[in-house]
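Shared chain: chain A. Partners: chain B in the first complex, chain C in the second.
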Partner chain A sequence: MNATTNTSGRVSRRAFLKFAAFTGAGITLGRCLRDYALQHEVFRQRWGEGPGLETFTLSICRQCPAGCGLRVRLVDGDAKKLDGNPLCPLARGTTCPKGQAGLQALYNPDRLLGPVKRVGPRGSGRWQRIRWNDALAEVQSKLSALRTAGHPQALAWIAERDDATQGQLIRRWMHAYGSPHLFEFVDTRDAAARAAMKLCQGVDEFPAYDLEHAHYILSFGTPVLEAWLSPTWLARQYGRLHRGRADYRGRFVQIEARLSPTAVKADEWIPVNPGTETALALALAHVLIREDLYDRALVADHTTGFDGDDGFRALVLRDYAPDDVAQRTGVPATTILRLARELATNKPAVALGEQVPLSGGVVLAWAVHALNALNGMVDRAGGVLTQRALPLKPLAETTLPGGAPAAPAALTELLAGGTVEALFVSSSRCCAVAPEGGKLFAAAEKVPFIVSFSSALDDSAAFADLILPDHAPLEKWQDAAPLPVHGRPVWAVSAPALEPLLDTRHIGEVVLELGRSLGAFPWKDFPAVLRFVAAGLFEARRGGPFSTSYETAWTNQLETGGWWIPSAKTFDEFWEQVLKAGGWFDPIYTYEQWPRVLRTASGKLELGGPPKIQQPWIGDEREFPLKLHVFTTLTTGGLNDPNQPFLQETLGPHVHARWEDWVELNPQTAQRLGIANGDGVWLESPLGKARLRAYVFAGAQPDVASVLIGHAHRAGGAFVQRTARGVADLVAYRTDATGAPLAATTRVRITKATGGP
Partner chain B sequence: MKRSWPLRPIVLSLVLSGHARAEEPAPLPEDPMAGARLFQQKGCVRCHAVGEEETKLGPNLARIHRRGSLLDVAGAMWNHAPMMHAKMAELYIAPPQLASQEMANLIAFLTAYQYYLTQVGQPGNPDRGRAVFAAKNCAKCHSLEREADFEKVGPSLRGYARLSPIQIAQAMWNHGPAMAEEFRKLNLAQPNLAGTEMTDLLAYLQRAAGPTDAEPVYVEPGSPNRGRLLFDQKGCVRCHAIRGVGGLPEVPDLGKRREELVRSVTEVAGFMWNHGVAMWDKMRARQVPAVKFAGNEMADIIAYLYFINYFDKPGDAAHGQTLFTQKGCARCHAVTPGAAPVGPNLGTSSLVGSPIDIITAMWNHAKAMEPVMRVQGIPWPKFEPGEMTDLIEFIYALHAPPRVAAPARATTERTTHEVK
Partner chain C sequence: MPRWGMAIDLDRCTGCQACVVACKQENNVPFSTPAQADQGRQISWLYLQTEIEGAYPHVQVRFRPMLCQHCDRPPCTFVCPTSATYKNEEGLVAQIYPRCIGCRYCANACPYSVKSFNYDEPVWPKQLAASLNKDVSVRYKGVIEKCTFCSHRLTRAREQAAAEGRALREEEYQPACVQACPANAMVFGDLDNPHSRVAQWSASPRAERLLEDLGTKPKVTYLKGGV
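Right, the complex of A and B next:
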């Protein structure tokens, strides 16, 4: 008797389910195999059959938000090698490992062939290829329905913060559509630093750092040589600090809870208890004031809130004596004294207080900013600067109603509230590093219509209803306006290095098409928008196309004297020059322009601090004896597409970690817990547990578990570590006034896992 | 044999104004910035940094403080040739060969860089500027705090901060006569700006009076040739002689005020400001309208003043002959027909054209000359300022026929020979 039928010939429930499951799996597998085969065929056909003609063109690296310029080597039109654009003022011919690996983002075997629509339950992984027209019609239909119903605000969009044209276009489109719910994330900058700039200087922008002129850098946990600002630019500044000047060798001190790669390369590493950096910064301020080492003139002329019974001076002299702070931070009082004296006597000296991907908090950012002010290093050579405006021509205002972009911290709340009926996701990076990330995914489940623009099945795309895959960066017209780095405006722009390999579409073109139905955009295509915004640079009559270091220095020198020589007579000529060079740059920064950089009501730098919120650690100390310290690495920070084996191979070279999440444990702690190097362990917090590999590392502090965050994902390609519960899910979500999730919040315990890693 | 100094249409062209003169002044570089590009193309930037570039093998151009004429700069280039060749040999870099026009462009750039741009790049001291602002009674008439202050006679200075220093200096110049009148009414002494006071004052204005978001406004560097035309058109030449040409006897000859004019633009502007007070009085007495500048005119005028001594006066051939022997040139180069030592005969060589041609030929053959000299134990000849001029005058004297003007474009261009 056939096992699938009974004697009456009726199909049993069990048999039906088996049949359905096998059929479904077969169809899905068949579709996947077909898709893979097609995709590999696409890549294979391009190689090895041409005359071997070598050419070079320029592009922009979008592996992280830095936007460094690239030089692409092509053979018969196929991209073969990526190097830095020698004219780009950030890259200067270099790339970081992420930039080198950019080809693997282009030739990612898990890229989608074209737009797809979900055909199974959400998250089931069953998709159907559809035509672009049908996909866009479906989106238009949904958007029209929302607007007709008077609910345009029911649309939300999650994007990476992008001040260049694509980002502006999305902002403008959301404005035109009528939704204020645009959430822009960036995980290579600390939102608290921006809040401190607003608090102290009235400037709503991230600070910039004049590291090029600094002689002394004191970092409070800032991953200077990992995933912060522009890695290529920072690496050059690090080199310049030590060897760039014939007459001076600078010094770099890293204060951090673990011996990170940045700390390894620093001249000195100061271990500190996690979450106590604020106290240490204020203790240094205490010494500067007590020993009269602070910049009296700057404090008197350009700050307020220093004097008085509740002023800054009284606060730090009362509460932050080195002996007291030494107890809290674990940093000896003699070291605190020495650091303060070094800071004051090795000017230009700058203190850095940004922590990423999770924030050190606005109190730390404020304390470090105040320390810089006290040391006379605000808006001075080698200090903290205020970004000069990039004179791109703004996209035209529309007459349609709209609102300002919302604060990112409200995203989970908004989605959980059930009022969002359509969600667009153009960057899933926030899903990887958001603490208690499970809540975000659970909240997103309530959204009836999710559209992803990912080029592969990543965290957001896997749970979307419709995927409209964007081109790979090398395939598209693009520009980049890096977040403040050194204070000078930079704009990178590039034409496609090669034709799109797959049936993908530029997200900017999609937005333009959606905007046409609103009557919002007059441009025929994305390059036309780029030309439009670039007209602002031409009309600004300053700066010029990317150029050699000599020409840049020459332009700087001319502008310092009030001179400027135009590179082109017409805009068309200018546009050609900018495209050929890869971008535009204005190298000058005029220091001490107080009316520009101090925009508070008082016109002074306000030293009155933010309210200090006591953030107790989550988890009972007896049950969870270790403090959780999270970090990211050079190869994962800001990375949008983790499906790149080069980067997976080089995750943590300092402990030889590859491919998977890990925890760093101090040898004493590891011995106490009975854990050996390489063991599989369970990391448990009050929020759950995850399995990791343990590395016993002398650079880890006792009773601190240092863990990589943002690496493992819920979904992804063949080279991605996939997990239902990652490290981010174990970190308690705590914020301060900025809404940025804090780093030092959670206690954990570690137990050895049985059965091997 | 080429006897006259050839025209260099772009770099060395002489543009005559409509103002008739008995003798024509020296030629001026048309575009000193052309040499900036050449400095890169010829690989000079591989060893010499400019401005804030990272330290390189050779000295930063901004640190080379040498004042002199075209041939003095050429002499300095010549002097550094052996060291340069040695370093370049270490790096396997071929020494740059230059055409005459390239040499002219390069020297014009080095002169401009030295005298015109680098010194402008040195910002004034705003704290000292604040003291100047108070001491010179500027605050009595001008407000820095508000956009409009009706209690002050003069305009608010807010908004001026975004302007280029030369634009501010031009605005000061233009309002000078009215200000002088106002000072007289208030019984205040006319403010004189000494040394770097003008630079400091402008730095203070830029710092103290800056609007919140305004970006600076730049101007294009002045053109010496446009400046010369303006010098005529504005009537400056009626009072000021240039090397004895034009002007009034009691008014200073600007061709002889090198020390005051080869300074930063803002210092020259201060110099002009100081003499403006006396000048306006005289012009008023003669019922001549005060000179005012618009657009880029003041930059052009100052560029012209920088370069009026760019080309050298005729050298001393007799001293040149002495140098020819002292420096060891005579050991390799004959100057009489028939003699044929190591190098070419300078009395018959076709390489002897304009001074630029001569120094270009010297530069290009230096690489080959150096090992020969080393073998013969002759030290590398080095030239002090003025010596190159005399040497070249001697070489010219070897060529008997008189120098003649180039026939082409005779109404608008002259050779440097004619100038002599």
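Right, the complex of A and C next:
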């Protein structure tokens, strides 16, 4: 019997003491816990006290070149949240993850406090704060010296392509100064697509896509749901494709070497050998022609180069039979037949052939454009469109240089030549994804005077002699003219959402200041330039300020019927309206305006292709057994400032990748190499090696190494992965007629690294 | 009394993670360091869950935005010794940080693994702290945190409606993730209002609720994709 049990009902001394001890302990413990709880009962707040006054204002997202409209929530003057501008036709009240993280770019703890001058050797990281007047005087004296000596062309400028006012101002300033060396980069579009538009339609601009009306999307490696066009607009079109129509669910097929997040969300993923997408596109054209599924009327009336012994038809029927192409591409012939039939019978259907960040090549872009033409989907609802011009008032009478996709090789060559004596850099992205980027840095070291406009010590700023930090986008007057998206002209504009936090200066104001001495700049400040260019919109007598979907549809209806109702009587009233709405938009697109969209000498769409250059892979197959396939993610593509922890935490959801570069390996390949998931590995190409983390992923193709490019940097803030040698340095630089670096070029090998991931 | 719930259409969702980042920004969710992330100590009220099935080339990967399911019978509330987590009368499963003693019973009881523990004191660089949302308290080391359906937005909307002397309109209360979603894949509202989109989506033939057989009665509905 248990000693504490008392059958007589009386309490034993031992049981009483035990009870008392437990009760005492319980009370004491309870009191401690209560005290602990009370201690924390007051909410801990670390942001100081204020009245909590909430205001909302509009701005523009510059996390990538898309330029979606933003609505900023401010409390007591501090920006607290970014959401999409509900009236912006691209954003419609939403944002992509980059837009959501935008406040981490504004409040980036590693932003420069003001202009600085290098005091130690280049790249040593030793800087001295200087005053703006001194900094500008130094730049001014350097520029004057070059001009007086008759060498204005010794100045080069690396910028992001920007068709809006700031970009135009830079172009005009370079023109006025007398230097043709303006290099404009954009890494969320494929320069080859623009070259194909020029080749086939005589239009020197990126194509636009009418995805809103498409029922079927066939993508040849285009990262539709990652860093391409406007991610916000694309996500909405994806939702609409699947569930936007009551009677029809659209279909989206992704052809790509790896199971990317885009391929994950596609209705079907078709793995293809890297670099063989062109043959696949032409095999589809073969089936369309052989089975008489192509648009005979469009081909007969609006194309040239189709018939004849060396015409398009003869070429694809001879060289691109599905059975032959199946072997090269790894896509079964039955799948090729099915895809062609799906494309032809699910109209409106569009094929996409842009690859980013590295180009798929002009031959692929041409083949896909020809496929669209064959399918009758050029300049028709749901097909490939030609951007309507944005009627901004030009800043100069003369045709300005720039606007063409710049080739990093040409820039490297120019810098290495030693003729450049001053280099201005207002975009760091060009270095991040440029193959053999190390060469660019090495060449830049020859330039005696480098000025950066970065707001933090990023790749380009770290090697500059003088840094003139620009405002953060939320702090400045700005406008955006997005690169072609859906063919309709869009212009976003905004006043500063808040006062500049630091001693920074608007890059546009700096250019104006520099330009005053050239006598070519009549405007007193940047907002005056914005008003000047906006006058073109007012005078165009079409479109109107951003409006709700309903009003936009109504404007479209009216304009289709030949009506236009002005929203304002005077320019001042119009300007107020546009600022209040966040921008200007003309929603109409009239299809099949052949003279406008076919500007070739023949007035027809030319199907005669570009010369195909056979480019062997760099690296011996035995020594480097894997093919390198590079990609960017939605959260890193086009991103100017990677020092944003929220984006670093969400890099690759499909493999749980965060914070650092990685390579995706097929389980079989990884097993053969003795590599486990999460291992540290060396990625080695004939050009060098870099250390990465390996993820074993069933969606990776055997014998292909899929690697994130443009993420790690040579310099950057506390949240940036830093490396002396990035993935881009290992990619061989190969190009075609466009000058844009090609994606499928390099062989690599992977070995396990010792000493942890 | 409304019964707040959410529906997520996986056929619209692109897996972009705008909701994930919007949630972090709105709710002062601290970011991790690479070392913390490696230890599985990253805090996310909403994250993109990935399921991988099959072998190359027949691989199926599914993305699912995963957040507190705000169960009508929440297992986490039954095990909390201090009533720090409880279900309120509108069906929101709430978390009172000062009451939490960090025992993590709730995190273990949650079949959806959506409760995060603060292993460390959250660190915000001074500059970034300016973007912290004043409506949401910053948590501290030793407490559990999770999605609240942005209940501070409900409080604000209700105060606004009261100030204007009218009833709260359902659409005035939208969590940050729903507001951010560029694909319009998320809807939120009163599940008991048959005219609300969330009620209609939840009654879709494609609708599924996670681990329903456990009897948790989740108020987040997923609409299956690809069908």
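Here are a few things to note about the model shown:
In the analysis below, the second predicted complex is superposed on the first by the 696 of 757 C-alpha atoms of A that agree within 3 Å, B and C clash if a C-alpha of one lies under 4 Å from a C-alpha of the other, contacts with A are read in each partner's own complex, and residues count from 1 in each chain.
What we mean here is this: contacts are C-beta pairs under 8 Å (C-beta built on N, C-alpha and C of every residue); 3 or more make two chains touch, one makes a residue touch a chain.
Worth saying up front: this structure is predicted, and the values here are computed from it rather than measured.
Taking chain B and chain C in turn and counting the residues of chain A each one touches, the greater count comes from C. In the superposed model, A:245 lies in contact with chain B only, and not with chain C. Applying the stated contact rule after C-alpha superposition, one finds that A:592 touches chain B and leaves chain C untouched.
Shared-chain residue A:551: touches chain B; no touch with chain C. After overlaying the two complexes on the shared chain, residue contacts for A:564 are found with chain B alone; chain C is out of touch.
Of the two partner chains placed by the overlay, only chain B lies in contact with A:541; chain C stays clear of it. Of the two partner chains placed by superposition, A:56 touches none, neither chain B nor chain C.
Within the superposed three-chain model, A:231 lies in touch with chain C and out of touch with chain B [touch as defined at top].
Against chain B, in their complex, chain A makes its touches with residues 212, 240, 244-246, 388-389, 391, 540-542, 548-551, 553-554, 556-566, 590, 592-596, 599.
Across the complex, chain B meets chain A through its residues 33, 36, 39-40, 45, 49-55, 62, 117-118, 120-121, 123, 126, 163-167, 206-207, 210-221, 265. Of all the residues in chain C, the ones that touch chain A in their complex are 9, 11-18, 20-22, 24-26, 31-32, 34, 37, 42, 48, 50, 52, 54-57, 59, 61-63, 82, 97-99, 101, 124-134, 137-138, 140, 176, 179-185, 225-226.
On the chain A side of its complex with chain C, the touching residues are 33, 36-38, 40-47, 52, 75, 78-84, 91, 93-97, 99-101, 103-104, 106-109, 111, 225, 231-236, 238-239, 242-243, 249, 259, 261, 264-265, 267, 269, 271, 634-635, 645-650, 653-654, 656, 658-660, 666-668, 697-702, 718.
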